[in-house]
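Here the chain labels run A, B, C, D, E and F in written order, and each chain numbers its own residues starting at 1.
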Amino acid sequence: MNLFSTLFTGLDALTWGNVLMIAVGGALIYLAIVKEYEPVLLLPIGAGAILANLPLSPLVGESGLLTILYKAGVGNELFPLLIFVGIGAMTDFGPLLEQPYMLLLGAAGQFGIFGTLFLALLLGFDINEAASIGIIGAIDGPTSIYVSNMLAPHLLGPIAVVAYSYMSLVPIIQPPIMRALITKKERRIHMPYSENPVSRRTRILFPILVTIVVGLLVPMAIPLIGMLMLGNLMKESGVVQRLVGASENEIANVVTLFLGLAIGATMQASVFLKMDTLLILILGIFAFGLDTAAGLLFAKFLRWVVRGPLNPLIGAAGISAFPMAARVVQKVAQEEDFENFLLMHAMGANTAGQIASVVAGGVVLALFAAK
Amino acid sequence: MLMLYGMGLVFLILAMLWGVIAIFQRIDRRMLATEEEKAQRETAASSPPTASIAPELLAAILVALDRYRQEEAGKISTQKRYSPREIEQGQARWVAVGRAYQLRSNIVPRRRNSR
Amino acid sequence: MNLFSTLFTGLDALTWGNVLMIAVGGALIYLAIVKEYEPVLLLPIGAGAILANLPLSPLVGESGLLTILYKAGVGNELFPLLIFVGIGAMTDFGPLLEQPYMLLLGAAGQFGIFGTLFLALLLGFDINEAASIGIIGAIDGPTSIYVSNMLAPHLLGPIAVVAYSYMSLVPIIQPPIMRALITKKERRIHMPYSENPVSRRTRILFPILVTIVVGLLVPMAIPLIGMLMLGNLMKESGVVQRLVGASENEIANVVTLFLGLAIGATMQASVFLKMDTLLILILGIFAFGLDTAAGLLFAKFLRWVVRGPLNPLIGAAGISAFPMAARVVQKVAQEEDFENFLLMHAMGANTAGQIASVVAGGVVLALFAAK
Amino acid sequence: MNLFSTLFTGLDALTWGNVLMIAVGGALIYLAIVKEYEPVLLLPIGAGAILANLPLSPLVGESGLLTILYKAGVGNELFPLLIFVGIGAMTDFGPLLEQPYMLLLGAAGQFGIFGTLFLALLLGFDINEAASIGIIGAIDGPTSIYVSNMLAPHLLGPIAVVAYSYMSLVPIIQPPIMRALITKKERRIHMPYSENPVSRRTRILFPILVTIVVGLLVPMAIPLIGMLMLGNLMKESGVVQRLVGASENEIANVVTLFLGLAIGATMQASVFLKMDTLLILILGIFAFGLDTAAGLLFAKFLRWVVRGPLNPLIGAAGISAFPMAARVVQKVAQEEDFENFLLMHAMGANTAGQIASVVAGGVVLALFAAK
Amino acid sequence: MLMLYGMGLVFLILAMLWGVIAIFQRIDRRMLATEEEKAQRETAASSPPTASIAPELLAAILVALDRYRQEEAGKISTQKRYSPREIEQGQARWVAVGRAYQLRSNIVPRRRNSR
Amino acid sequence: MLMLYGMGLVFLILAMLWGVIAIFQRIDRRMLATEEEKAQRETAASSPPTASIAPELLAAILVALDRYRQEEAGKISTQKRYSPREIEQGQARWVAVGRAYQLRSNIVPRRRNSR
């Protein structure tokens, strides 16, 4: 009896929800390994989902490992912020500093946040949920995690999964929109390389001043922009290589693993297997598309304003999704003219999108967190 | 009693795992058989040279090959994955090439598609 | 006065127990440095024991460093589980997948757990203590720490010390038993290399399915098997090298240091200097011997069943103690016939023992933790 | 309205104190990057100060990142102690073991602690504050942080900043004092190299025995000396390279970054912008000068006692400030005689200063923490 | 409405950042201009050779130079910073040289300043 | 008063540590003396060549030797310690050699001890 009852406690407690969620976890691992969609995050998320949905799993009990990891770094937002330090330490704002007007393209690439937010409200989500879903349009993993965990932690799982999965799909989602909205002739525009010198002083002062300016205007954005720019300041300073290395490697790798597992653990059947998750899946695609379209159209508008050699394709890089979006721009441009090199311009728009995403995250928090 | 229960459970579970692996093996062998058939039809007449190689040499080659495969596997997946350092360096090269081309397009005037 | 009273508070509080425990700590450091017995664990354990037994040591006060480390990772089982991720990332289940019947040898190598448990009960330990002592027979450090900390945390110190010390003694403990139970003729048996192909797909699916199968049958084993297999999945996936590196190096090294110190700190004189510790020392040897004997005899039995070329020596590798036991098998076999290469077969049995140890740990918890 | 009120909450809350503290943070970053004053600590401290003083910064809220880091490692003294493990792993006590009388020079170099303590009492600081300020005279970052955080946590910010800034100024502060107190003739003294053999056994036993001796006499010093010597024991053992690497790199780098940010976050305008901070700035210089003078004069006295070839300059290395002070000694000695090599002797005195600083920290805690 | 507020804020803030960078650029250009003037007066007649270099080569040189600069920057700052490993090794060399000199001063007796 | 107490304690403790080291030194010297005696009896007539070497060269040799020793120390202890990477690689070589031998024992039939 004892033997069999012991043996079957787990099987007894198994529900269809568990089975489905284990399958979802398996699917995420499949995407990670076979399709190589952001494997460093989707693999741990998938593993976390499986481990959390095995019936009676002690890992998600009150003092289970996954619960500990969640409390240690997701509930208190520590992990996404630490990842931002690493991202900042890897980002080169040089191309942006040479052509600062790119910042407007970054701003335009956040339109999907508010458009999706609006649509989510129409679909019946409450205001905080809608804002969390909207933030998928920031197209930046840690920002999505940070904001949605603050506004609607019960949606963290699906939002993080959607954000990272679709980010890998940028090379598939963007090109059709780019070809539809930008004419062949426009896609062939060459952009001259702007020879604006950027001194080391500027590179060092930039992260400090961005932190202060954005921080004064949107205090809710201080954690996100502050950590991003701290990483960048350390990199550009050139005097704290040890700390830069720790941020890029030790901290980033360990935190990524723990963050993925903890997010996966939030994907319990009772929370995840809802109509909402399906809607988020659809709204996510919408956010990506809207961002891209807004970026492209704004770039067209900008070209009409300045009447100079500006290839509207680079607007698509304003969505952030660094550095994939910039590469997509280069690829689509080269399809038309092999000698067209937009990568550096696109990188400028791309890093602008990174900053704009963080600013937009802060704005969303400022508008909704208080309420 | 507890000992019996305990060891029984342990044996039972590991036997089940054996079953799982056995199924895998069967699938693997079947797939490999198909692949080998194809391969055999392709390489047809050529006989395997292993028989004439000294075993130490064969061992050395196996190890080297394995090592090479591991490294290749590591390299390829690294290239495909999101790896900022490589990207940055890659970007630097791209940017430099792009810069050079566009500098030239300023120096040597030529037809442009832009307005 | 002030000077002298200040100077002598420590000496005043010194007890014979402290002196003895400092000597024990010194002995562990001696074993670690001079004998090179598992130095990465025994050196920190020894240092922790000394630091915790200096009279009035603030390190073991309520907010002392060693107390913080204990709470941060031993009390909640975080550290042994994180070490399992690293072990999984380092383990190659290839030899096992080629010869899956080895799993039975792994099961047989856990007999010492239940035999020792039984003996400990006879010697007057209560059921939870007996199970904790029995788990020394898993011959796997993190499993012993995980299980004993859950069932009988007051025995954690001696059990961990015994588990790691004896693990280093495997090359001394096993050979006489092997020579006694296996005849010369049997020891000379060559085993053909089984050319079962193992596809990458199998290597990736294996850790996932083991987690699900074991997890469904013994939910209490989910943390142990789940973390071990998470590490292995990451390794075999080949797409998350950064996370594998972090698990093997950053996480494993830091956690090992902290774990050792925290375990050392549990070795307070009042807890450690008891008859029980001496009994555990003796029962530990018994567990190792029983495991080895059971593995060897079961391998003999298996050979009698299959009537094929199976060298019973590889049964000794089923105890786990990875990878030492496998090497001992190879060494003993070569004593008889220099051209006999059993290492790969022994590695299969050895990794089977690793899995079986974890399963047995879960079974022990399932049988006793609830009560 | 909403737009503007949202936009101006931060600017509204901005005070002159905030502006000043942001400027102080900027100044620290300037010292770190342009002057390269201990950049690995001053850059994070400066960044922490800016991020904490942006009005309404969520980073210093109850569950803000900087608050979390403070609680995780500064409030409970975890971070400075972990840094000590790394320092111990990097320190070579060889030169000291060859010439153990150097320990007295290390003791003399702590005179500034008690002299400054006395002066701070006169200036109206209470006893615990005075002791915290005095500990700047230990001229050792982690010791200053550990002690001041225990005795007067509200002074942690300025004390840490002063300790690390002045430590970078050692090459400017010391030489004039050395030239003033030591005659040209004395500065020209060559010191023979003492060929005392140091066995590996001695190198391994040294950290263990120092821990036990100091720990028995001054229990309050156990955490500091214990962690320092744990690192050194691991290094000298030669069998736990993985743990030594983790202590020197992973742990040291990550902890340094977090420690710096957390200390910076304590520098809130209301706490930092006081007369006290200015006084600490002045008392700090005094402590450095007094330490150096005491070390030099004691070395002169020692030379008079032993009447042997002892160059009093090496007394200046007894203040700790490892390894800068030793280099300054070598430089000043070579100004007079290019062929005079005191570096190794100075290194002996310098590591003696390191031990003496820690002992002095423990003594200060023993004398004042209880009260 | 919220959309308007939100996007308005985002655009406003990024436009302000544009302003900040623009000021930087102006300062940079002015400083560079002064430096260049100086440089021009110094190098006067020599014309830049870039025009005659193939763009791929130019790109390669740019990349190599940049790489070199990065490495140099890393190296220099490492040397200046507190970096115990280097120090230990540096110390070892110093100490060794010092030892050798002082060993010699024991072997070959010569005038000493010490008492 | 406190100053006196404090500095007194610091001096006292460090003096005690001096005593501890002094005892170590004495033991070390005695042990070394015995070892040296043995060594001297063995190497007897051969004189140390250090005197004729330039001090810079001597320094370089000392450093190189020390470096070599460190590396050797690191390597040896790494080999002895539980170090999975090395083991895996070591295992790969062993396994490969074993495979080769056992493949051969299948190819070239020969006497087996197995039933």
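Methods note: a residue touches a chain if its C-beta (ideal position, glycine included) is under 8 Å from a C-beta of that chain, and two chains touch if they have at least 3 such contacts.
Since the model is a prediction, treat every value here as computed from it, not as a measurement.
Between chain C and chain E, the least number of touching-chain steps is 2. Compared with chain F, the chain whose C-alpha mean position is the greatest distance off is A.
With respect to chain E, maximal separation of chain centres occurs for C (centres as means of Cα atoms). By the residue-number overlap criterion, the interface of chain C with chain D counts as different, with under half of its numbers used by both chains.
Centroids of chain A and chain D (each the mean of its C-alpha atoms) stand 41 Å apart.
Chain geometry summary: the mean Cα position of chain B and that of chain C are 33 Å apart.
Chain geometry summary: the mean Cα position of chain B and that of chain D are 51 Å apart. Contacts with at least two other chains are made by residues 2, 6-7, 36, 39-40, 217-218, 238-240, 242, 250, 366-367 of chain A. For chain E, the set of residues that touch two or more other chains comprises 5, 9, 77, 80-81, 97, 99, 101, 103.
Within the complex formed with chain C, the residues of chain A that make contact are 2, 6-7, 9-11, 13-14, 22, 26, 29, 32-33, 36, 39-40, 43-44, 47, 50-51, 54-59, 63-65, 68, 249-250, 252-254, 256-257, 261. Taken in their complex, chain C has these residues touching chain B: 96-97, 100-101, 103-104, 106-107, 110-111, 113-115, 117-118, 196-199, 201-202, 205-206, 209-210, 213-214, 217-218, 238-241, 352, 355-356, 359-360, 363-364, 366-367.
Residues 76-78, 81, 204, 208, 211-212, 215-220, 222-223, 226-227, 230, 233-234, 237-240, 242-243, 245-247, 250-251, 363, 366-367 of chain C are the ones that touch chain A when the two sit in their complex. Every residue of chain F that touches chain D in the complex is listed here, in rising order: 2-3, 5-7, 9-11, 13-18, 20-22, 24-25, 27-29, 31-32, 73-74, 77-78, 80-81, 83.
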